[in-house]
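Both complexes below contain chain A, partnered by chain B and then by chain C.
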Partner chain A sequence: MQNLISSIASRLVIAVPYLWLLIFFLIPFVIVFKISLSEVAMAIPPYTPVFNLSAGWQAFADNFSQFSWDNYIWLLEDPLYYKAYISSVIIAAVSTVLTLIVGYPIAYGMARAPATIRPTLLMLVILPFWTSFLIRVYAWIGILKPEGLLNQFLMWAHVIDTPLNILNTNTAVFIGIVYSYLPFLVLPIYSALEKMDYSLVEAAEDLGCPPILAFWKITFRLSMPGVIAGCFLVFIPAVGEFVIPDLLGGSQTLMIGKTLWNEFFSNRDWPVSSAVAVILLLLLVVPIVLFQRAEARAQESEK
Partner chain B sequence: MNTTWSRFNIASLVFGFAFLYLPIVLLVVFSFNESRLVTVWAGFSTKWYVSLFHNQSFIDAAWVTIRVGLVSATVATILGTLGALAMTRYTRFRGRLLFSAMIYAPLVMPEVITGLSMLLLFVAIGFDRGLWTMILAHITFSMCFVAVVVQSRLVTFDRSLEEAAMDLGATPVTTFFKVTLPVILPAVVSGWMLAFTLSLDDLVISSFTSGPGATTLPMRIYSQVRLGVTPEINAACTILIAIVAVGVIIASIANKRREVQKARDEQAAARN
Partner chain C sequence: MKSLGSFRRTFAPWNDPAAKPFIAIENVTKKFGDFAAVNDLSLNIYNREFFALLGASGCGKSTLLRMLAGFEEPTAGRILIDGQDMRGIPPYKRPVNMMFQSYALFPHMTVEGNIAFGLKQEGMPKGDIEARVAEMLKLVKLERFAKRKPHQLSGGQRQRVALARCVAKRPKVLLLDEPLGALDKKLREETQFELMDLQMKLGLTFVVVTHDQEEAMTMADRIAVMDKGKVMQVATPAEVYEAPNSKFVADFIGNVNMFEGTAAAVANGKIDIAVAPENLTIRTDAASKSCTVGQPVGFAIRPEKIRVSRKQPADPSINSAHGELYDIAYFGDMTVFHVKLESGRIIKAASLNAVRTVEDPLGYDDMVWVNFDADAGIVLTA
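So, the complex of A and B:
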């Protein structure tokens, strides 16, 4: 009896979260794919054919013949879409590099700090992450707009005479992404650097290696797992980012997350927005798999 | 290691933290501005908070947000903890690779994809959109964050404690509640807090999955922001920041107390 209960319990431990994720995470993607092959219709829900197993297999098979790749052909033919994909990837890649340039010195400074204040520094990096993403992006509007605080400050300091136009440009999008995703990059690099044995660098320097070279050959090399994990954590969500390009970007800022949102909420074209999502997912499958592998490997090495 | 905390390190930390905190500080400061303009200081005033508390749509949205957050964080913590146990304790079961992929993928999945796919699921099964669809969606993405947080605690867990309990005749279920759970509790609590703030913050997934009558605070703020920056939004944001800051500070004080108590107990035990 006891054994029966514990074997049921151990099965439930796996089955409950597994089933939940299958139903609410995996199956929805199948539905997205299916609807991306449908046509838009003036109905509720606004697409045809509607998936309906209760009508029997014959009707289901008939539905199948109505599927078409028209939405995908449409995406390929309209330059708006592939331009949005390309520019999303470029914006995300540039922002990832910028985040690394800003974030690495912070992580390095934290790892080199006296051990007594390290937990406080860690807390200080995590804390902004707890405040709302939307709020943090909103805060930059007041700073970057033409009569905003940055321009007021720069004009007061006589650095510039006319206000800079930063809000509603790609520069604002870069700033927004770097700012919002910075903790995601600092934390994995910090945890890689903190574990590092610094006497290796000292040994290299004692043997006459210039500090910069020692940093590059030893410190940076050893922090690579953290750098890779951090870059994925920034790059992948940034490609599909909606809030930042919508609030900080301008009309010329093309990002696929914004395109998907507009197709869905403004044009109410569910099949095309599903097709946009499917292609975005295909674009991100390789980085997602690489990220997941890196995480699993890190998890294994902890054991 | 301590001797080489160079000036460069200190400077990069100072600039880094200024960059992280200045925007939030400015936002909070200007929520107390007398003027309607958010960027010109005209004296201290709390009138935007007063007008916020008379704004019924904001108050309704706040209640929806809190209800969604409490329910989804609690369910997500249970499911996420189970997920973490499954990942660390059962290294071999059919479909483990798929399982770990489904745990890690939502962490980086662009929100527009998650939101759209959830919505299409609810439409396909004929589930009316509203508060509950939003809660289901929030549970799904935040349980993965909980799973990762709890998992990182479980991998360093000393299994011999559990083995000892079972040798003494405790069932696996009793062992979990009497031995494992108390040890991993800090991770479970911070998982809950993370799930709650993720739910509190979410705009994109909520916009896709909610229906008429279920508007959350971020959705309300977002539709206001599109019309322009106002001190009222600053005040709403400041209240949200304050709630989260108080929660985090209480949690860290509790954590510190527990550590001090533990250190004291260990000393007492060593003396005996």
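So, the complex of A and C:
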């Protein structure tokens, strides 16, 4: 009896998050998928067919026959879309590498810092989350614009004569993504480095390994689970990023998040934008699966 | 001829004035801020010696070992290994290898990979590496575990991998930081002898850091007893035990009964010590010590050198004191009697249970005489 209750209780605990995902993720996705198979229409909502259960079973079945893959074919035919997908993946990948280059030394420095100041450093990394993401990205406009802080400083220091044109370029998008997603990369790497036994590095040096090689063969190698986790945590959301390219990017910055927004709000083409969203999700499933496999492997090796 | 300890030691280069030390530590000081972890310390360690640095935690023994390995630079003084000054030479260029207390096995590499790591750094050809790794695995009896990862091994196996890994490079000196610290008692005793065999077989110089005196006594040719960054005594285990040079060493190594008194009579190398609380005069035969009448001296005597009897010995040259049998600790191989003198002082006396049966055994609260010979203890002037 006791066992039965605890077994039911433990199932219930698992059931809650799954139920949550079902209601708030799977069902909306099915709706989006359904819209992506529909046709655009001048109506409210702006697509057909619209399911209406009161119209009876026959009308319901007719609606199914109206579904078509036209929107997906359209995505393939118009180069704008696949160019936007490719460009998003490239921008996200480059940003991830840049974030890693900036973030790894920060994580390493934090992990090697005296134990007494580590909580403070950790706090400083998390601190930006206390301010709205949108406001922080807006702040970068003030820094990067032609008469902004950065240009003023560089001209004051006589490094440049004419203002650099950074805002509304891909460079600004990279800066924005690196800045915004840095904590997501620093934290997993820090946690991997922090639990590493430093005597491993000393042992490597003792066995004839110069410090740089010891770093590469031991420290970096052992922080790989953190590096992989951090990179995916940057890459996955960066692919679908909308706010940063919209605020900091220029007209030539092509990202799928922005394309989707335009399709939805400017063109009011819900079916096509739904198709864009479905493809984006499928595109991200691959790295997410890879990420989860890497996580599983990392847990396996820790045992 | 009488000598200290229970066996004859044939390897003793430290007694040979012509012998050149293999490791020379000359007036080395290491400061962390204001704190001197190692304070003006000098030591000579000879080739093929099994040398132990023994001390309580924080005595500076690990810092000294880390300076030999090159992880710390001396603040002052210098270290020579095989005649070469080690100042400024980084760990990866030193002819020494260290076995870490935590073993520091690389978790992402197999046993083989761990042992081969140092050899790869040397740029040894692949075939030679394989041969050397196989040889090392055989040496530590881990042939069957070559493909395992460290986390798939037991504590004793990990210890042997760590040993194989640092021996594989054929260093001139092997530094071992608490090599047996993480093993359980039974395994530790077995491994002690394995280490000694290995050291003999390979002809290496071992410097081992330990806080376990039994371990140091068993394995080492010589022991340096350390305290507060200084060496208190460097000697063979028998000398350290039977002829400690100070109260600290006498007290640190093994069990001891310590008396404080003053020299009452000094003649022909014989010293009589007056111990105030018991109004006792201890007659000692300590030819090597010199002191003057009235000088405060200590007297240390090991429990196993003290006998317990019901009657006072008739021979007046035997020291004796009367007391009550207060506590008895039976260990199987030996029994330790705690005798409370009239002054309240507790004297520990150990007797070996060499036979299985005892006629008229002593019991709690019996009035007894503790007694010992004149040459059974040590007079300490420091």
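The working rule: the second predicted complex is superposed on the first by the 269 of 303 C-alpha atoms of A that agree within 3 Å, B and C clash if a C-alpha of one lies under 4 Å from a C-alpha of the other, contacts with A are read in each partner's own complex, and residues count from 1 in each chain.
We take it that contacts are C-beta pairs under 8 Å (C-beta built on N, C-alpha and C of every residue); 3 or more make two chains touch, one makes a residue touch a chain.
Keep in mind it's a predicted model, so treat the numbers as computed, not measured.
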| item | value |
| --- | --- |
| Which superposed partner A:206 touches (first chain B, second chain C, both, neither) | second |
| Which of chain B and chain C A:153 touches, first, second, both or neither | neither |
| Chain B versus chain C, judged by how many residues of chain A each one touches | B |
| First, second, both or neither for A:132, with chain B first and chain C second | first |
| Doubly contacted chain A residues - partners chain C and chain B | 303 |
| Residue ranges of chain C touching chain A (in the complex, touch as defined) | 69-71, 90-93, 96-98, 100, 102, 104, 106-108, 117-118, 121-122, 151, 165-166, 169 |
| Residues on chain A engaged by chain C in the complex (per definition of touch) | 197, 199-200, 202-211, 213-214, 218, 221-222, 301, 303 |
| Residues of chain A that touch chain B when the two form their complex | 2, 5-6, 9-10, 12-14, 16-18, 20-29, 31-32, 35, 45, 51, 102-103, 105-106, 108-110, 112-115, 121, 123-125, 127-128, 130-136, 138-143, 145, 147-149, 152, 179, 182, 186, 198, 232-233, 236-237, 239-243, 247, 257, 260-261, 264-265, 270, 273-274, 277, 280-281, 284, 287-289, 291-292, 295-296, 299, 302-303 |
| Chain B residues touching chain A - in the complex, by the definition given at the top | 1-2, 4-6, 8-10, 12-13, 16-17, 19-21, 23-24, 26-27, 30, 38-39, 79-80, 82-83, 85-86, 89-90, 93, 95, 98-113, 116-118, 120-121, 123-124, 136-137, 139-140, 143-144, 147, 151-152, 155-156, 171-173, 197, 200-201, 203-204, 207-208, 218, 221-222, 225, 229, 233-234, 237, 240-241, 244-245, 248, 252 |
